[in-house]
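Read the structure below first, then the notes.
Chain nomenclature is as follows: A, B, C and D, assigned in order of appearance, with residue numbering initiated at 1 for each chain independently.
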């Protein structure tokens, strides 16, 4: 059986997922067969061009029609269009893969997770936290599950970009609270929170994060509209920072910025346990630095051996992978779950959990005090 | 017009090029249309499986038939089968893309280059030195062409792997002088020599390398044959090193090894000029370290900006590329040259030039003295 | 005129300052002449041995006598003995150099700063924040003063050690609130806060830090007393983290830990401005990473050129300095100030300012909300 | 008994050794007592100033008188004055510590080593290869002696500086064959050869180096004389490179340059064995990168623990040492050997052995072929 896939969104994320789907047959021959059936959007011309380039059989400007017709629905649109189509698809029994953050607000995320629970386990509802699928992160996860780092004491995460340093950088939906929910917090922080939950979190929704103290900042209050004389207000954060307290006593500090001059996509995770430590940075995503019991310094491991997660599907040792491979891995796992009617993680509950933490960070910033997710 | 492509070889390189071809339409929409027409090999079963997985329309066990039928012929077989099919294809007026090293011996390389010259410029004969197509290398090339580093004084290249450290690692054609020509020298050194010619070489064949002093070493003399009781002799080098003297007075030191414990695919290039320096390492291929006039230290540049070579075809800044992308770039350039009847570089003369240098290194090692390529 | 120097404390800091004084004549010939006159402590035997080894002419077990006799008084004792002798010395008109943190509590620090102000500018009262005197930090300071980084957006500081990871590591005065004031916060955080005030702070006491949100954590509640069967409670923090908000709008995140497995003395500072960024790490203290306007990545500068701060006194370029050299530099500056009756910075007001921030971090942690220093 | 020390030379090396001697009592209390008795040179005014600054009791312009009067003689003059005073001192039964390279020519080195052998083991004749005394190098030596790296396959050493890149950099004795013997080869290469002999060499003189192939290069043929209109010819190498073949079958590649733009004092050693690898760089001399059996990547060890060689004499973990500390360590060992009438290594035979290798490199370069040391 070939899975017919409908995809809403054809820009950055549309391209990333279409590419991932296209690569499955050659590298993951046991992945389910799929067809990129229909690409959904509003601008028919742009859509036609994109469908052609991204290998879709047809286009549609109405997602309502699509969600019934397809076997799987990908929601890759801006945050504010995550809820409605996703919920509708799930209600129609169609598995959904939705980009992160799950929704602009906690309420919307809640509704989506509720819909996913109602749809049941055999209708997978995935949240596309692709960084879980970096081989080095999976390797780190295994270390942590084996207890190699001992009791976790410190957790650090940061996600640094610099594309808004220039005050003349144009306004976009990402600068708008209505459309995006939040700024660096939701866009980048969602990734960090999810990775920490994945790596060191416990099973409850917020991943064992008991309370948070948040700090949001907007450095530039309005930005020019491209091809226009006017400016529009920036109503989201340009940067955030937060303290976390885990129920097991670990401390966390996380932050993200779009104003970190010189940093392009620097998502760094550091963990210190009683027996060891590790470090990961997305800009060197083939590497993991690990310090185990008895070691004196970090060992820089190139996670490209055949025995490393997913690597046997690709190239020989030392032939490094790129950012896009994370999408291939997550699409492989998600589509396999769909085909087999299995659960997939990260799911909408994971998306909701991240949202709860982000929401708590915003509430904390508002109130100037610690709050619980 | 769609170019029909025939490919000899379906293992490591076959997969790398098939993947590259498959990715062109989505990322390089102006690339010529191609069809992966026929996959050539000897073992029909394996061939059928590979053709299916790699997206080829048909298979053939006889390259002689194929070279006439296709518009382009890829020779990705072991070194000792480079000459015959390539020459035949060129004689038939079929463009050829041949893996490196061009041939096991200088004589064969010579014959191939001769055939390419006879075929003429509108029948491109490319030698697949893919590392020329790393964005950071292209960036470095531009710096050097602009003279930003001044007069070149030192050139250093090394290519370190460790897959033969274990004396029980099985024998393969890569350990055999007849089949491979040489060992680390041809397999790895060819890449290094080509990159140095590309980056700092002059226009004559050997790239301005006037004389060389070579050193070859075989650490383990025989190896077990897999699934067998016998061993076979290792008749190629496990490692080589060479001094180079360039006609412009620059000094070069190059080396490669399959015995560099802990190094998987560490191809490192360093250049010092009178005004600046640069460093590149394949295991961190998105980065280039550059020191320009007036700088005190190396600047670590993440070569992933839209303005960087080829990067506008892929992802936003900081979303790193992998090893395989070099194949997409070289296939794009080669196939475009074929479609347009243009020259392509690196061509067979470049492959021959590298071979001349490798041959000189071997001769020097034999004689214990400096020789000219 | 030779300055007679009296020093209270003969352990780690006593050795560091004695060494610094001993090295001045050879490397800073224009430093004032001094005599290591008297070493002050309680244990006469240990004192005698230390005085001999550290080059002191005499010993005393009563600082009261000493402060009148000497020309300069160094207070290198544990935090809880900072106030009384320092204030008494200043009241006697004797310049004082006191180790950091200035005092265990804000009240004591206040009293000390008051005493220093009363004593007047020609009686220098220095607080020994030695990391201001790392050449790379002075280089960074000059960059920042010149505005090379533009408007400061982000400031990050962390100081990671791991000597308490083992729950059996013995109890010491550093684990006691009465004796030390606080734990990682005062011991390590004082350095970080001072460096940030030095590098990016404004002139008001707290260095332009308007409000803070703090988080303190004690991972191990009691520790064994060495050579004893009992344990004693740990009444200070093992780690702290804090958000800072600067009046100019910059965000800061700082933290320190004695539980960062694998990190020995990792004091790292990072600053992002609208035009550039910089990074410094104490474990590689000869290096500074700088990104200036127009650069794409960090330049790794080895701050060992003759033109670099203090370096002309030492060795040729690339002949790296160590941790202890910071003490030579600060002693040179402090003793020169004493000899010339000039002001010295960092002074007791700087020590007080750091204390105000540390105190605010503790108060914030208590209350669970942001507070102002 | 106090050892009276006479020192010839008061510039760079004079300062480095005087400083080392001055620091012994505080940090190595069991070192023999010494007096910096007499400083020897030609220019009385400069000598007087230096003696004062460097803590010498007296000066002399005639080494002949000095060698009899003192208990130890340090020969820190330019290479061409190494032989005569050193041999005379040894003949007088006075222990000698001579800077490296031992002599400008093999003949002179031979004569010196002969004199040392004649003087006997209780008259130590040390050659000041200070890099043996870096804690990280001693740590590496122990690893290698324990066989942790297995059979050695590859050895790499390079020493990069850039102080002659500018063709207008002034002429000095270091550019003259008569005075210096050779250029980068003797000045920098001597260090590299000695370290390799120390780390992986066997017991015979040349350290198991069976044959070498050398390459010397002079990039700038004449240089201006400072404060003068004339230029003088450069008669030594600006850079060298060499292949080494060890009797145990290991390959070595070494090189040095004064034209490596951006590199100040970059002495890097790399070793690959059948079970592990290591890397060291002088510009980060507190660190050693080690890969042991079973490791996948290099572990970056900060060699500053109490248990590390010499470190217990200094500061707590992570409080890094500098270049000059290597001189303290070697002076401690040498002076202890003198006081106890023991042998000291590296001795004049070690200096001679390095010279043999350097000489072979020069001969090889002359002849254009491999030669034996």
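Just so we're on the same page, a residue touches a chain if its C-beta (ideal position, glycine included) is under 8 Å from a C-beta of that chain, and two chains touch if they have at least 3 such contacts.
The chain list, named the UniProt way, goes like this: A, B, C, D = Oxidoreductase domain protein.
If you're wondering where the values come from, they're calculated on a predicted model, not measured in any experiment.
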Which of the two pairs, B-C or A-C, is linked by more C-beta contacts?
A-C
Need the most distant chain from chain C, centre defined as the mean of C-alpha atoms.
B
Chain A and chain B: spacing of chain centres that average the CA atoms, whole Å:
37
Using mean C-alpha positions as chain centres, tell me how far chain B is from chain C in Å, no decimals.
55
Between chain A and chain C, what is the gap in Å from one C-alpha centre to the other?
42
Two or more other chains in contact with one residue: find those residues in chain D.
263, 295-298, 302, 305
The chain D residues in contact with chain A across the complex are 287, 295-302, 305
Spell out the residues on chain C that touch chain A in their complex, using ranges where they run on.
149, 153-154, 160, 162, 165, 213, 215, 217, 219, 239, 241, 243, 245, 249, 251, 253, 255, 257, 259-263, 272-277, 291, 295-298, 367-370
Chain C-facing residues of chain D, complex
12, 15-16, 18-19, 22-23, 25-27, 29, 53-55, 161, 163, 263-266, 282-286, 302, 304-305, 314-325
